[in-house]
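Heads up, there are several structures right after this.
Next come two complexes built around chain A: one with chain B, the other with chain C.
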Partner chain A sequence: MNKNYIFLTILMLALAVGTLFLHKEKEYEQIKPEELLWDIIQPTRYVTTDQVAKMIIAKDPTLELVDVRDSKQFEKFSLPNAVNVPLSDILKPESQDYFGLPGVKVVFFSNDDITADQAWVITKRMGYNDTYVMKGGLNCWIETIIQPKEPEETAPYTEFEKYQFRKGAQMYFTGAKVESSAKKTEVKVRRRKKTSVAAGGC
Partner chain B sequence: MHIHETNPKKTLITVLVFALIILAGFLTVKKPKFRYKKTLAETVGMLEKKEGCFKPWQLVDVLSKVNNKVVLIDIRNKFEYGQGHIPGSENISAYDLTKDKNIKHLEELKNNGMTVVLYGNDQLQANGPCVWYRMVGFDNVKVLMGGYEYYKKHKDNLEATKNLDDYIKEIPRYDFAKVASSKGEVKTENKPKKAKIKVRRRKKTAVAAGGC
Partner chain C sequence: MGPLIPNGVIASGWDFVIAILIGLVFGFILEASGFSSSRNIAGVFYGYNFVVLRVFFTAVIVANVGFLYLDYFGWLDLSKVYVLPTYFGPMLLGSIIMGLGFIIGGFCPGTTFTAIAIGKKDALFFFIGIFIGIFLFGEGFPLYDKFYASGYMGNATIEDVLGISAQWFTVIMTVVALASFWVTAEIEKKVRKNRKEYKF
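Let's look at the complex of A and B:
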């Protein structure tokens, strides 16, 4: 064998091995910073509490609610069927099971929406798609779904429609939990009253 | 028949050409404009420390020029900026944040030791861009808590917001477990809380009708 060939072979092999070290620091397949910022400034990732309520009530199988608060707060209260992935644990391998499932919409939520939004930015950088943020968080959830406020008499019709939906959602989320009979009747009375109002309106 | 044997220098030429091609490849590769300077783990750590928050009352010193190390940047569009903005703030719409001109400007500010405070209508609007800037190495970028809406509401007495906590996000404003299982009958229970909520709600409705 010609010694030149051996020399060339060794050179090529050395270069090939060298390429292995080029991407060593890469942890996840991350999207480019420019693409990330582009996604960040789009408001399309926000879903309203009404939309989330609708999906929960419809038992939407593609919905995956992710509570990014700490486990202490999660244990006290969370949305139905939510899983707990605190922001500090979001990079852990076991947390990855919840993200990136085909056809599953991941909705992040926290007390407000800042932490949820930050979780969204992190997962977006990791390349996960179909992730959303519940705008307003649980504070807004209470204000809109659990304690809906009746619109002013002059409010547009859509506001009343929304209020009707929220009233129904309120029953769904609060009434189903407590089985105390005394309270139940109380609610029943209120419900009947409301529906009669709606019937007149239509 | 080996051609190389007839011309031993051919190997050397091949190697040289090969090396040149690789070198040319390295030189012509486009250098990316932005690189993540923080790994994902570092970013999460940074977010947990809650660095990068600029409180509304800190604006007092900025507006009175006592603190001249702060530059305010309004990331809303020109139209909204034109309708009203914090005095002395610059307007760089969120869509223009990566323009060469603006990046150069931000780099200058960073090298001069200036703090850059981003704000949108609410804190959420500037939250993502702020996190992004910090990820690509601009550690001097902060976000105005409460955003423009909060500033607008309190601009006559920003100093007083020192004693308020309604601009701080991620505080549970209700005892969720209690409220959520009480069939919505708690409305009359805690009056002071209710008053506070009312204020927040009004602020929100101005942004997007109905929703939060």
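Let's look at the complex of A and C:
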């Protein structure tokens, strides 16, 4: 037999068996590094707790809250209508269903905004747009919405407006009672002393 | 990188130009392999010439192994490669008709043209027959249009249907192909006395 045939047979067999050792990890399509870097340095991904509260109260259908903490913490406390996608599960195909829906704004949140930022970077790299991060996370949510602090007297008017909204939101989320902001001050009625003497006159 | 046209490496307007170039090379390989002779082609059925089996099996295993490596190296995205949809019953019947045509006529549509190119008269008749067949099929289409679209399985691959991984199937295919090369070479040695030993 021709030696070349034997050589080619062995070569082909080796190449075919070699395919058994090819294990390709699934690669996601990614956006370009420059674009990612550009997006990362933009503060536009952040939404404030006030904005989120406003959207929840208005029952905005375009809002989708995604809690990226683990399921234990999620069960303890989370925002209303939030879905739980732990950061470790974010690449799973079933988690992908939540992202990339047209017209839906995905807002990530965690206890702070670090984990949520990580989730944001991952989804951004996968090419999803319309994803946001709740600035300050749930800690900020507690501070501003659940236990809002009254601004100082010298604070500008807008601060008071914000405080009023937060008080309203607090009532919405916790069911706290109305505190009337006006302090009761005793009204003293000063009466003029009656004088018997004719005052003035011609 | 690949496939080149779906990924926009080559503009889609070029596909016909590329098709012509590939067609030229394909025709050349068919002719060079001896496919323009109906004796060579029908010889597979009668058991004295297995060049068709060897050429096509070589094409299959080289493409099969090559695609897996290209996919692994990231040069070709196999998920974007077009897979012809499967219509099980119609395809089975079609392949039987095609096989019969192969044995009776001694050509397949592609080899007909290579045979015409080197001036074979039998290929010319086969060529006319192809168009009569196409015409009759088209005219009679309402009679079997339901069967034509039956047994749809989508873009099924062996991986999906049989549950074997593409890699294992490739190994099995390669072993079968290589074994068939050696076995058919032995058969040809015994059957054919005027057999040429190709040297390269």
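Operating definition for what follows: the second predicted complex is superposed on the first by the 149 of 202 C-alpha atoms of A that agree within 3 Å, B and C clash if a C-alpha of one lies under 4 Å from a C-alpha of the other, contacts with A are read in each partner's own complex, and residues count from 1 in each chain.
We take it that contacts are C-beta pairs under 8 Å (C-beta built on N, C-alpha and C of every residue); 3 or more make two chains touch, one makes a residue touch a chain.
Quick caveat: nothing in here was measured; it's all calculated off a predicted structure.
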{"item": "First (chain B), second (chain C), both or neither touched by A:20", "value": "second"}
{"item": "First, second, both or neither for A:154, with chain B first and chain C second", "value": "neither"}
{"item": "Chain touching more of chain A, residue-wise (chain B, chain C)", "value": "B"}
{"item": "First, second, both or neither for A:44, with chain B first and chain C second", "value": "neither"}
{"item": "Chain B versus chain C as contact partner of A:175, first or second or both or neither", "value": "first"}
{"item": "Touched partner set for A:11, first chain B, second chain C, both or neither", "value": "first"}
{"item": "Partner chain in contact with A:33 - chain B first, chain C second, else both or neither", "value": "first"}
{"item": "Shared chain A surface residues [contacts with chain B and with chain C]", "value": "2, 4, 15, 27"}
{"item": "Interface residues, chain A side, partner chain B - complex", "value": "2, 4, 7-8, 11, 15, 25, 27-28, 30, 32-34, 36-37, 40-41, 48-50, 73, 76-77, 87-88, 90-91, 110-115, 117-118, 121-122, 125-126, 135-140, 142-144, 146-149, 158-159, 162, 170, 173-175, 177-178, 183, 186-187"}
{"item": "Chain A contact footprint on chain B (complex, rising order)", "value": "2, 4-5, 8, 11, 14-15, 22, 32-36, 39-41, 43-44, 47-48, 94-95, 97-98, 123-124, 127-129, 131-132, 135-136, 169-174, 176-177, 179-184, 186-187, 197, 200-201, 204, 209-212"}
{"item": "Chain A contact footprint on chain C (complex, rising order)", "value": "61-62, 65, 68-69, 71-72, 74, 166-168, 170-171, 173-175, 178, 181-182, 197, 199-200"}
{"item": "Chain A - residues contacting chain C, complex", "value": "2, 4-5, 9, 12-13, 15-20, 22, 24, 27"}
